[in-house]
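Note that chain A is present in both complexes that follow, paired respectively with chain B and with chain C.
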Partner chain A sequence: MRIDVQDLVLRYDTVTALDGLTFGLAGGKIYGLLGRNGSGKTSLLSILAAFRRQTAGSVRVDGRPVFENGAVTSRISLIRESGEAVDIGTAEEALSYAEWLRPDWDGDYARELMETFRIEPKKNVRSMSRGQRSAMGVVVGLASRAPLTMFDETYLGMDVPARRAFYDALLADYMAHPRTIIISTHLIEEVSPLFEEVLIIDRGRLVVHEETDALLSRGTSVTGPAERVETFTEGMTVLATERLGPTASAMVYGEFGEERRKRAAEAGLELGPVAMQDLFVHLTTAEGAR
Partner chain B sequence: MRFPTRLLVNNLVFAFLVWVAFCVVVALVAAVVALFGSLTQSAWEAAAQLPRWFALFVGVGLVREYLPMYIALGQTRRQFGTQAAVTAALYAPFLAALMTVGYLLESVLYGWADLSQRLGRVHLFTEPTQVPVVFLEHLIEFLAWLVAGGFMAAAFYRWQGGGILSVPLGVGLILLGGVALGTELSLPFIRRIAFSDPGSLTVTVGIGLGVFLLGLALTWAIIRDVPLRNTART
Partner chain C sequence: MFDDRSPIYRQIAERIKADVLNETLKADEQVMSTNQYAAFYRINPATAAKAFQQLVDEGVLYKKRGIGMFISPDARDMLRARRKETFFGEVVDPMVAEARAIGIPLGDVINRIEELEGQ
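Take a look at the complex of A and B:
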């Protein structure tokens, strides 16, 4: 589903959560939505799912407004940690409502996921552990097969095997049933291999919207003898430097053209990729705090 | 509009199970009173104070539990509002029917035990076996309590602590329901309308439905653009 966000503003009393956000997503991909705490990720997703109305600006999904538009909202799923999609009675009761209200619901797949996450159908959702409630959200989010599916920090409380199972299930189901998926997360290194495009927002504004590969190509690690690394990176934007004896490794932000690569090779320096998390920290940290 | 089958059936089944348990408890209490004291009036009438609170909390649950779930599952507030209104409109008569059946069961049991099923309060009916009027009284009562619960829950959901301001209005809806029955604010002119006028039942039904519709309108005014609260503990 195509998403067009134009000059989006959301204010809570005196706090501006989204400050003139504008972007477009072509759809049919897995998007990563990154941002620090309070950056506006949840607010943005809430507006995309019609959980709340924006203060100003417009949000269109497949060209149509979202808020109180049943034809559109029935095709959108947002799963949050707060669990409003599953907090009704037992697990099987919660799924029965999802089955009833979701037009593309796949009951067999939901049962399969329940087994994967070891969720007891007769157990009351509210009495489940945090991880199990998160897994319930994952079950509803995936089995709804909504053309626009969004997960907002859904993994919280899930242990490592459960999170792996979630990523595997998400990828497999996305391959079998392509749709637009947006994942908001703080576990950047763990989830970023899934992302095809990344949006980074900070203080309610869009900082980056790029394909994952393009974003990663903006960072390079330079490793070699400390003095040579220092000389080579002079004038560049160095995110961080680590030293181990006479060897240093600097993370550099910015385009790295052929000429620079050649110079590095001549200087005996090794070039490598930088983790998305490091780029994220750089892009969302205030100048003074760096 | 899609008929709210799942919402209605789940709530009706739950209400029926609660009613069965309630009948057993009331029968046991009545039996104990009859054995060790003197049972001179309808136990079901005395126990009928509780089901209206049950109706109030069902109204609360409809908004507090189901509104966020509906929106999270891709429905609009309007779709939820319509389904919740239909559910309430059918749930209240179901509860009223259960209450009426309760009186009839009690009548049979009192008959076997040779006890008097005397009424201790003012009602639209004078005998517990006047089925249509017993049903009507409870229907109007449950409609008012259900919608009052939904209205106050909507206010608390939207404004949290500020929802306290809705309590006088919610109580007002319940009192208005009582006015329709002549059991609350029993002023002379109200009693005249409710009991003396040949068309009094029509007026009673009119006021009762008016209270229900007013409550729905007030609730809709609150939920029509209510944001979903984020209760995540991050």
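Take a look at the complex of A and C:
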């Protein structure tokens, strides 16, 4: 599903959660939504899912507004950590409710996932552990097969095997049934290989929207004798510099063409990649990179 | 599995090239699909597709519409020829530089090479 967000603003009392967000997603991809705590991720997802109405600006999904538009919202699924999509009696009852709500529901797949995550069908969701409740969210979110599926930090309390099972199921089901998936997470290194595109928001504003590989290719670490690193990086966007004795390592943001690579080699400097997580940290703290 | 030093798609492409060079993958043999690679490495299928596209552009793979990707008949010869071109610059020169840096006389290196040749 195509998503168009234009000049989106959300204010609660005196707080501005979203401050003029504009972006477009072509759809049919897995998108990563990254941001620090309080950056506006959950606010944005809540508006996309029509759980909340914006203060100003527009949100269109496949060209249509979402708020109070049942025909569109039945095809949009947002799984939040608060668990309102699954806190409906027993696990079985939660599935029945989702089946009634979701036109593309796949019951067999839901039961298969329940076994993968070892969820007892008769168990009350409220009495489950944090990780099991999150896994219930994964089951409902994936088996809904909603053309727009969003997971907001749906990993809390899940241990490593459960998270891995989540990523495997997500990838397999996305490949079998391509749709638009948005994942918000703080586990950046762990999940970012799944993203085709990444959106980073900070203080309610869009910082980056790019293909994952393109974003990663914008980060380069330059390591070598401190003076040479300093001379080489002059005039470039340096996100951070670390020093260890006479050696310095600068994290540079921007395209690195053949010519620059050659100059680095000639200066005896070592070039390396920068992890998504490091780019994220510096893009959401440094002013210089905006 | 990955060294974290280059994009995953480039590492996948390198892996396939290595398999062609050591004949794990032979001419006209079908390679696993994008989706199989994506599931195996837990990466987005578009990333795996990029690795394949790079290999198609380089002539290592060819596409049969609706069936999949196959190893080009001349992939191995081509890769060998290309590796030969860069062998001295990328393998021998750094080795000599390393030997100098740590104080191994080049004569010792040559002796070692001759020893290996005799085996």
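The rule is simple: the second predicted complex is superposed on the first by the 256 of 290 C-alpha atoms of A that agree within 3 Å, B and C clash if a C-alpha of one lies under 4 Å from a C-alpha of the other, contacts with A are read in each partner's own complex, and residues count from 1 in each chain.
Following the convention adopted for this analysis, contacts are C-beta pairs under 8 Å (C-beta built on N, C-alpha and C of every residue); 3 or more make two chains touch, one makes a residue touch a chain.
Predicted model, so just to flag it, every value in this text is computed and none were measured.
Student: Quick check for you: in the superposed arrangement, does A:R80 touch first (chain B), second (chain C), both or neither?
Tutor: First partner only, chain B.
Student: Classify the contacts of A:F195 with the two partner chains as first (chain B alone), second (chain C alone), both, or neither.
Tutor: The second partner, chain C, only.
Student: Tell me which partner touches more residues of chain A in the superposed arrangement, chain B or chain C.
Tutor: Touching more residues of chain A than the other partner does is B.
Student: Is A:Y253 touching the first partner chain B, the second partner chain C, both, or neither of them?
Tutor: Neither partner.
Student: Could you say whether A:P273 touches chain B, chain C, both of them, or neither, answering first, second, both or neither?
Tutor: It touches chain C, and chain B stays clear.
Student: Now for A:F23: first (chain B), second (chain C), both, or neither, which partner does it touch?
Tutor: After superposing on A, A:F23 lies clear of both chain B and chain C.
Student: Can you tell me which positions in chain A touch chain C when the two form their complex?
Tutor: 29-30, 164, 167-168, 171-172, 175, 193-196, 212-213, 216-217, 272-273, 275
Student: Looking at the complex, which residues from chain B come into contact with chain A?
Tutor: 5-6, 10, 65-66, 68-79, 225, 227-234
Student: Could you please specify the touching residues of chain A with respect to chain B in the complex?
Tutor: 37, 42, 46, 49-53, 67-70, 73-85, 87-89, 93, 96-98, 100-102, 140, 144, 146, 153, 156
Student: Along chain C, where are the residues that touch chain A in the complex?
Tutor: Its residues touching chain A are 4-9, 35, 38-39, 41-47, 50.
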